[in-house]
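Chain IDs A, B and C follow the sequence of writing; residue 1 opens each chain.
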Amino acid sequence: MKITTIALNTFKEAKRDRVLYLLFFFVAVCLIFSRFLALLTVGDRVKIIKDVGLASISLFGMLMAILMGTGLVYKEIDKKTIFTLLAKPIHRVEFLLGKYLGLVLTIFIMTVLMTAVFLLILFLHTFTIDWKILLAILYIFFELCLMTAVALLFSTFSSPILATLFSLAFYLIGHLSWSLEMLIKKVKAGAGRVVLQALYIVLPDLENFNFKTEVVHNLPIPTSLLGISFLYGVVYTAFLLLLAMLVFRRRDFI
Amino acid sequence: MGKVLELEKVYKSYKLGFIPKKKLVLKGISFSINEGEIFGYLGPNGAGKTTTIKCILNLIFPDSGKITIFGEDSLKPRAREKVGFLPENPYFYDYLTGREFLAFYADLLGLHGKAKEDKIGYFLKLVGMERAADLQLRKYSRGMLQRIGLAQALLNDPALVILDEPMGGLDPIGRKEFRDIIVNLKKEGKTVFLSSHILQDIEMICDRVAIILAGEIINQGYLGDLISEKVLYTEIIVAGLPPSEFSRLGESVTSSGDRVLLRVYEQEKVDQVISLVLQKKGKIVSLIPRTETLEDIFVSMVRNQ
Amino acid sequence: MEAKIEATVKNNGEKFLSHQRNLLVVFLIISLLLFSFLKIQTDKVVRKKVPGSSIIYLPSGKHLKYMTFGYSSLIADLIYLWAIQYYGTYEIADRFNYLEHIFSIIAELDPKYVDPYEVGALIAVYEAHDPELAFKILDMGLEKNPDMWIFPFQAGHIAQMNLKDFDLAREYYRKAMEIPGAPPITKRLFAHAAFKTTDYQTSWETWKEVYETAEEDWVKEIALNHLYRIKAAVDTEALTEAVKKFQERFGRLPADLNQLVRAGLIREVPTDLDGQEYLYDPQTGEVTPQRVWWKR
């Protein structure tokens, strides 16, 4: 299938991206550092390692997704490799989907690597394996898939720097959904409130994928939320990709 | 015999600058290509040749007008099934080897297994890239990139091959090889669309041409119709006689050593020169009638605009 | 006829494009509605929150200072702001576990920031019911800011009001008193605390000082009242002591205070500050001043 061909090619290209090595280095540093951080503080050491570890994987995974996603499509257009590709009997949406899947594959591999390092450090410290950690990381991965779609969307119409900034802003907004909720409670009922409520629903809520607190503090994870969050992620990602397709299909490649 | 490619009143404009100013790049382009011919598309740099090609290939969307390829509207991907394209200054994924690069495009075109291997081998041989096939593209010279690019364009056995400035940067041998390949394509029954600003190449191999200038087609037709067979002047190189001998017969262009280069305009004067040389026991080194070339037509057309 | 065919060919391409676009737009709207619905569902699920739990795991202030690259006072502000919210969230039952840790971090990062010491002490006393911690915090404040009289002042208050520990209160008020800029009331509080710890000498001297240096009449009057009280206390104590000795010696209570003089137990019968005699009840042996000291 044409999409898989492009996906595999994208993966081949993405894994050569120097950004990945840099970020992987930083993640390894963070994970090892958390071990020493635990020595300096007052709190429960295992909790700290888990907390810092999960946060690092989330943060650096997000950076990888954004930096790769915004760079890849732009590079194709800038270097004009895209001309011969689109001159073939292929739909532009097939090209876009192929790029997306290739990126997701790359992010998946990187997540697996980071998880391996993390679990190793945890195991050396606690001599047990907490399977709930894997669940938290799985949902971090879903969040990363969504962020990849965001990066791809922005890269279809802006330069890499702008696209990166927009993607980072999207990430921040996604994690501050609760503050919008608090704001709505303080606003008087009326047109303004309705607008804010509509915004609140439409803007992404990335906290739905965040199970760090539950896993670190051994709180129960509501199973209904697992299912709904997953669906939310899938549908929102589809929404973003559809937007990207709508923009990309009519773009002139001068 | 249907039209392979047809453009009808294609307009395209760009919005440039911070305060968008509309710039009209294609101003109603209309032409068509017949099956089995080599069609030359020529014009100076910036005339709109590449823009036209991108409109044909759906890389750019024209403001208005219609483009059909083998009867299919160019907006559908299906139209490009039988089309091969080599862009100007080709650039490809530089970390792939030549073979991997062709394999990637073969996959995109739906070729598998043995058929794929065979095709890749065949085209590598055709463009002379067999030895460099396992070298990374980043190590290719400009000429090598152009060759592997041509191989990619021919992979799906296209009935229409579109080449945008394919011979820029090639050395004379390379250019000859490319010209031979193109002529062979015609022999195989393919149609070739050749866009270039190098007139000599066009003149040598094209059947029909269209000349584009500042976004408009100013002339199109068979090469033979555009260029008359009329002799403009005759160049004669004579040895062993001083230039003063020919002062009333023709213009002496240069003289070096004992050689004199004459430019003679009238036919009778040519015969007079010949008899004079023989009479004075000189030697005619060469005698070449100079006909109108494409360059002459082109230059005069551009001047008229 | 040809024109018609041409037109359909052209329309096919355009139609195809607009069909594709319409399809995409339809899917776009469907996905928008769907994720909105899902979002509302996720809000319905209750999740336990441990707000800012990660901050508990901050390294101690000394280490954190080196990690903040010169923004330590900004970080201190942020942590302080967060702490206020955190301690105001009454649902978190164990929020006081790291109170000392958090406020010592703030103190380390920005020792000159006054509010956190005060507020931290207040939280310690009134919410965590841990006055010792409050003293720790205020001591830290004074150590880093020797010119802030408010810290020992507040500590003295806590000692006096909450613990009724007048020794401690007196110590703190003395410290506060000695810092230039401390308000006059500090001295009075010190004197009062000294009184309460039965260090009448110090108390008397201090109140005398207050009386002499007072600029307003009402302050003079307060000082006088207190002096009266001290004298009354000293005198009644001495008299009560003498009455007891009399009873031991003679087996009965004296009829009046002059008997004590005759018994050689006291040199003379003292009068209160106003020159009034003390009242003596021969039945019970109680000695009381004529006036209530603060109603003079």
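The definition used in the following text is that a contact is a pair of C-beta atoms (placed from the backbone, for glycine too) under 8 Å apart; a residue touches a chain by one contact, two chains touch by 3 or more.
Just so it is clear, the structure is predicted and the values come from calculations on it, not from any experiment.
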{"item": "Chain centroid nearest the full-protein CA centroid", "value": "A"}
{"item": "Pair exhibiting more inter-chain C-beta contacts, A-C or B-C", "value": "A-C"}
{"item": "Euclidean distance of C-alpha centroids - chain A vs chain C, Å", "value": "46"}
{"item": "Whole-Å gap between the CA centroids of chain B and chain C", "value": "91"}
{"item": "Residue list for chain C, restricted to those that touch at least two other chains", "value": "none"}
{"item": "Interface residues, chain A side, partner chain C - complex", "value": "37, 40-44, 47-48, 51, 55, 201-202, 205, 208, 213-214, 216-217, 219-220, 222, 224-225, 228-229, 231-232, 235-236, 238-239, 242-243, 245-246, 249"}
{"item": "Chain A-facing residues of chain B, complex", "value": "14, 54, 57-61, 77-81, 83, 85-87, 89-93, 95-96, 104-105, 107-110, 149, 152-153"}
{"item": "Parts of chain C lying in touch with chain A, wherever the complex brings them together", "value": "20-21, 24-25, 27-28, 31-32, 34-36, 38-42, 45-50, 53-54, 56-60, 63, 98, 101"}
{"item": "Touching residues (chain side chain A, partner chain B) in the complex", "value": "2, 5-6, 9, 12-13, 16, 79-81, 83-91, 250, 252-254"}
{"item": "Residues on chain B engaged by chain C in the complex (per definition of touch)", "value": "66, 68, 71, 73-76"}
